[in-house]
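The next part holds the structures, each set out as structure tokens.
Same chain, two partners: chain A is paired with chain B first, then with chain C.
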Partner chain A sequence: MSKKNVVSAEQHAVSRKDMTKAQWTWHEIKRNKVAYLMVAPFMILFLMFTVVPVIMSILLSFTSFNMLQWPKFIFLDNYIRLFLDDDIFILAIKNTLIFAAVTGPTSYFMSLFVAWFINELSPRVRAVVTLIFYAPSISGSVYLIWGTLFSDDAYGWVNGFLLNLGIIDSPVLWFHDKRYVMGLCIIVALWTSLGTAFLSFIAGLQGIPKSYYEAAAVDGIRNRWQELWYVTLPTMKPQLMFGAVLAITGSFGFGGVVTALAGFPSVEYAAWTITHHLEDYGGQRWEVGYASAIAVVLFAMMMGANLLIHRMLAKVGQ
Partner chain B sequence: MAKKLRTRKHAVVLNRSVGGDVGITVFLSIMGVFMFLPMLYVLMQAVKPLDELWMFPPRFYVVNPTLKNFRDLFSLMSDSWVPFSRYIFNTVFISISGTFGSLLFCSMAAYALAKIRFPGRDFMFNIIVKSLMFTSTVGAIASFIIMSLLGWVDTYYAIIIPAFAFNLGLYLMKQFMESNVTDDILESARLDGATEFYTFWVIAMPMVKPAWLTLIIYSFNGLWNAGASIYIQSEQLKTLNYAISQITAGGIARAGASAAATVIMMAVPIIVFVVSQSNIIETMGTSGMKD
Partner chain C sequence: MIPVLQYNKMDIGLTTDYLTYLYQMGGELYADNGMRVNLDSNLALQAFEMMCNMFTMYSLPYSYDFANRFRTGEIPIAIAPYTAYNQLVVFATEIAGLWEFTTIPGMKQDDGTINNTAVSSVAGVVMLTGTDNPEGAWRFIDWYTDSEFQADYCNELVALLGEAGMNPTANIEALAELPWSSSEYKSLKAQFDALTAVPNYPGSYIIGRYTNFAFLSAYNEKASPSEALLSYINAINKEISRKREEFNLETLEIGQTLAEKRAEQALDIFNKLKGDDASKYADKISAAKAAIDAALAGDATTEQFDALIAAADELIKANADLFGEAAGYMKESATALYSYIE
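On to the complex of A and B.
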């Protein structure tokens, strides 16, 4: 058996020289048939339900389409309308950027610092602390409890507390007051944001060999901040990249929490994000072409932010 | 082991100031309280009797805990238009079949992407990584069109089949296989005439137990927490999470029952995580992105 294999390997080596690149590729494709067979079930579904929808959205964004008649090509009209004629969309962009700029970095650094701080605890304590910080992000709709804590009437715990202390004399409408709704939604978002990236950071920190720190101490690293910058962060850069991707995706796609707690639409559109705008035009008004243009803008923002952060992270530890 | 820990402590002392330790402890405590209090409040609400739920000023903690809210929840459930067991069945069915399929599809593809060299491999993995950079909302409308073309709107397929191609699951599995399944073992199996399917299933899979546990948990949690979907209109196909959100939407009169429902819904993912925490952390050890 093994002899046969050796022979075929030799034939390989000889034959590669006589082939053009295309022939060689074709030869490799045939030789690895089974690999394609193995990725096919995943890739077919992945293409159908992830890649094709994005491409379709891009194409549909140049059309006017209501799901009944065949799409009509209108080139950039949707985009022109979005940016020049749709004040609520501009507001949505502004809100999305505020959400992303606050929750993205905050949740990222919260994950990183909490993971870093608990790294030196004993394994058992660390497991408990990890659970406390991680639990809100996996508990489904448990964040609705914020609606009870901050409910509009005097039975809401926060209102009751403040009324009792005499700080306010009538209940505050919290999630239905345009002054507070953004801030509260950001807090709730942060509360649920210590998720996969957090676990990834914990694992990354645990994977750094202790000898690195000992060597660094010998080389004159004198405090934990230097240690963090010169040893810890550069060593766990792959985890930092992965965490950043998840933080960006999460912070730009923000919307579900707002809908659940502040209603759809939120009071005076105070917490209206691009996701909501997309839902409004795609799911309720069936202006599919226009909604696709909104989706494309969201897609471009997420990808752009990812590229930007990727460049920035490349500088860590330098 | 004990000796190792001691050397580590020594190194720690070398670079640690007392002020820093105090600062960190304070920061962690404040954060911990912020994270934990709302969770605790849900538990409290779930066991509060009616008069404590509606007292003024509201009290955070419970004085006379009761299980009445849980009993109310079950009687509310039996009043529902569709038998409540149907919602439970839907969620359990979707979670289990979706998880099973994604485990199979993702790990098989992950094995090929991690351990076989073939033209197009890097390109495929690259797209999958890129897909982690945007949310599925971006393609939601187009997905709906595709689902209607397939005739899958208002069927289980619309929820279960797309879940099979779980990009994060494949990513974590592929990264883990790359560093935990050694090429030597696969090479010698191949020389012995083993097929790729055999090496995948019999040799590689048992070596990546933490990764497939993680994949199961992620996929299961996602499906377990799935609420209303744009693809499902029939009441008898809706999920437990949706049914519970309807109870919660019943307003303030049901505050106790809805807290009880929340406790039941969150208990499952939390227990699963507690049991499998070390496996998940181990999987995350290889989750990093190398450019």
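On to the complex of A and C.
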């Protein structure tokens, strides 16, 4: 809401002398108790399974906890060690930012432009093309086919093809060679990234009334690009926000695909992301306090990225 | 054999388990009772280099599907786990009777014998303290690991699944009762007699990870195996120390050996002595210090280690109360130094 709206609401607000603000709030809650009752199931589950674990994780990040003995308070030691003594974490941050920077915006713009182009097609063709692009993201573990394609075996598809052509003379260990594993993982990430955001862009594009475009043409819009920037994108701001949030969270939390394809850990930590670092310390080395510290840092990074996107998207259309 | 095989367009499947090479050369994975890893010793580096060189010089395949390649004849000989036998017996029935297994290849030792030790994994049965029924639990464990039950179980499996059900039981008597042919059983028994296992110390999970990195960088990018392995030693030792601290076990600093640590502890005690104690035994103390320096020097031999023990004994003779602890440290340092000799 812009500042104007807030000021006028205050001017219309009732100022009472017989209740404090807190009493007034409680009075309003009791008046609307049916609404609260209806929201209660979701709120209880949300609190129990999302909010409370986050708070517990923040608390645990100040302890040293190995799951067998009671946690021991060591205050900021985990964070100090994380930022000053852990080379692998710095490498993980670098890899995560590369993944996020490449797959986040790239997949976002890809979704947008593919949706924009296929918006022109007839409904039936559009449905087929949408399915072709959307299928990888809903197919569960189909990305493993990349592992089969790029198998280390000399009889793997890519290796066999290149060996037959004489381009290489011995099989290349695609996912076990630190020079290739990062590039391959980025390709797989982009392939699986045309997901829900893509569908929401298509729906959003369909939902823009034709009258907007006609009005814009009257106002002086001359070509498709101006149309896109001044009419299409501002009308689609909710979908853009939704897509951005999904892209950010997806790219920061991108880990399962890499583990399935490149092993745990990937060669010389070449495709090691913050999520892997977390799983390593939490699940393999049983240092749950340290893993919680990593989780808190990841949480802060994602919140920061989301706020940044909010600011940037507020400028669309101006 | 490898050149002949490769000339005929066949290959061999070697194991990438560096522990086999290491233990066949007589080395060990841990030094100083698990306080640090022994991979920076000359013997370990030699074993690792040998493994990497075999793979890179002959371009041996790193990843291959053993059952298929064996059956088509492309890899007619390979080091494979026991379960490969079970698989091949059902999977490749058309070559039944045309293949067999034997003990793994080994390294020729100085005295001419061949050391073909295999490194095995060990599984254990644990009874928790505070259990309600310890005698019952013990009777169960006893019965379960006994050869009578194991033999019955294995024979039942074979009766149900045929030859593919040859269970890899750890009970040697039960293994003898499985329907092996006499030549197969001879090979099995010979390998059982040449078996070793790696002791399990805190932090063991980290070693396989870094040795795999080192091997892959040598295989993919033709890096120098020793350099690659040496670059990870500090990371491994750091993790071992972290885990040992968690269990309140003694740890070493990075780059320090147990011999150096004990020597430092002894020197600390000497330097703390004051006044008449220091002056009364001054010559013995300086002799001990000289012996310590000589033993820790790079070119020290067993003479210097013996001299160290002798100096410790001298100190005990002079004054057991005062020097007992320091002499104990000096002797432990000498023992550690002996253990580093390959």
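One rule holds in what follows: the second predicted complex is superposed on the first by the 298 of 318 C-alpha atoms of A that agree within 3 Å, B and C clash if a C-alpha of one lies under 4 Å from a C-alpha of the other, contacts with A are read in each partner's own complex, and residues count from 1 in each chain.
Here is the rule we go by: a residue touches a chain if its C-beta (ideal position, glycine included) is under 8 Å from a C-beta of that chain, and two chains touch if they have at least 3 such contacts.
From a predicted model like this one, the values you see are computed outputs, not experimental measurements.
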In the superposed model on chain A, is it clash or fit for chain B and chain C? fit
A:V129 contacts which: chain B (first), chain C (second), both, neither? first
Based on the superposed arrangement, let me know which partner A:A154 touches: chain B (first), chain C (second), both, or neither? both
Going by the contact rule set out at the top, does A:I248 touch chain B (first), chain C (second), both, or neither? first
According to the stated criteria, A:T50 is in contact with first (chain B), second (chain C), both, or neither; which is it? first
Per the contact definition in the header, classify A:H176: touching chain B only (first), chain C only (second), both, or neither. second
Which partner, chain B or chain C, is in contact with more residues of chain A? B
Go through the superposed model and pick first if A:Q239 touches only chain B, second if only chain C, both, or neither. first
Return first, second, both or neither, reflecting whether A:Y36 touches chain B, chain C, both chains, or no partner chain. first
CA minimum distance (chain B, chain C), superposed complexes, angstrom: 6
Interface residues of chain A shared between complexes with chain B and chain C: 154-155
Going by the contact rule at the top, pick out the chain A residues touching chain C in the complex. 66, 151-155, 170-171, 173, 176-179, 265, 267-268, 284-285
Taking the complex as given, what residues does chain C use to touch chain A? 59, 61-65, 205, 209, 212-213, 216-217, 219-221, 239, 243, 246
Touching chain B in the complex: which residues of chain A? 1-2, 5, 25, 28-29, 32, 34-36, 38-39, 41-43, 45-46, 48-54, 56-57, 60, 67, 110, 113-114, 117-118, 120, 127, 129-136, 138-146, 148-149, 154-157, 160-161, 163-164, 191, 194, 196, 199-200, 202-204, 206-207, 210, 213-214, 217, 221-224, 227, 236-239, 241-242, 245-246, 248-249, 252-253, 255, 275, 278, 282-283, 288, 291-292, 295-296, 298-299, 302-303, 306
Chain B to chain A touching residues, read off their complex: 4, 7-8, 11-12, 14-17, 20, 24, 27-28, 31-32, 34-36, 38-39, 41-42, 45, 54, 56-58, 60, 104-106, 108-109, 111-113, 116-119, 121, 124, 127-128, 130-143, 145-146, 161-162, 164-165, 167-168, 170, 191-193, 195-197, 200, 218, 221, 224-225, 227, 230, 241, 244-245, 248, 252, 255, 258-259, 262, 265-266, 269-270, 273-274, 277-278, 280-285, 287-291
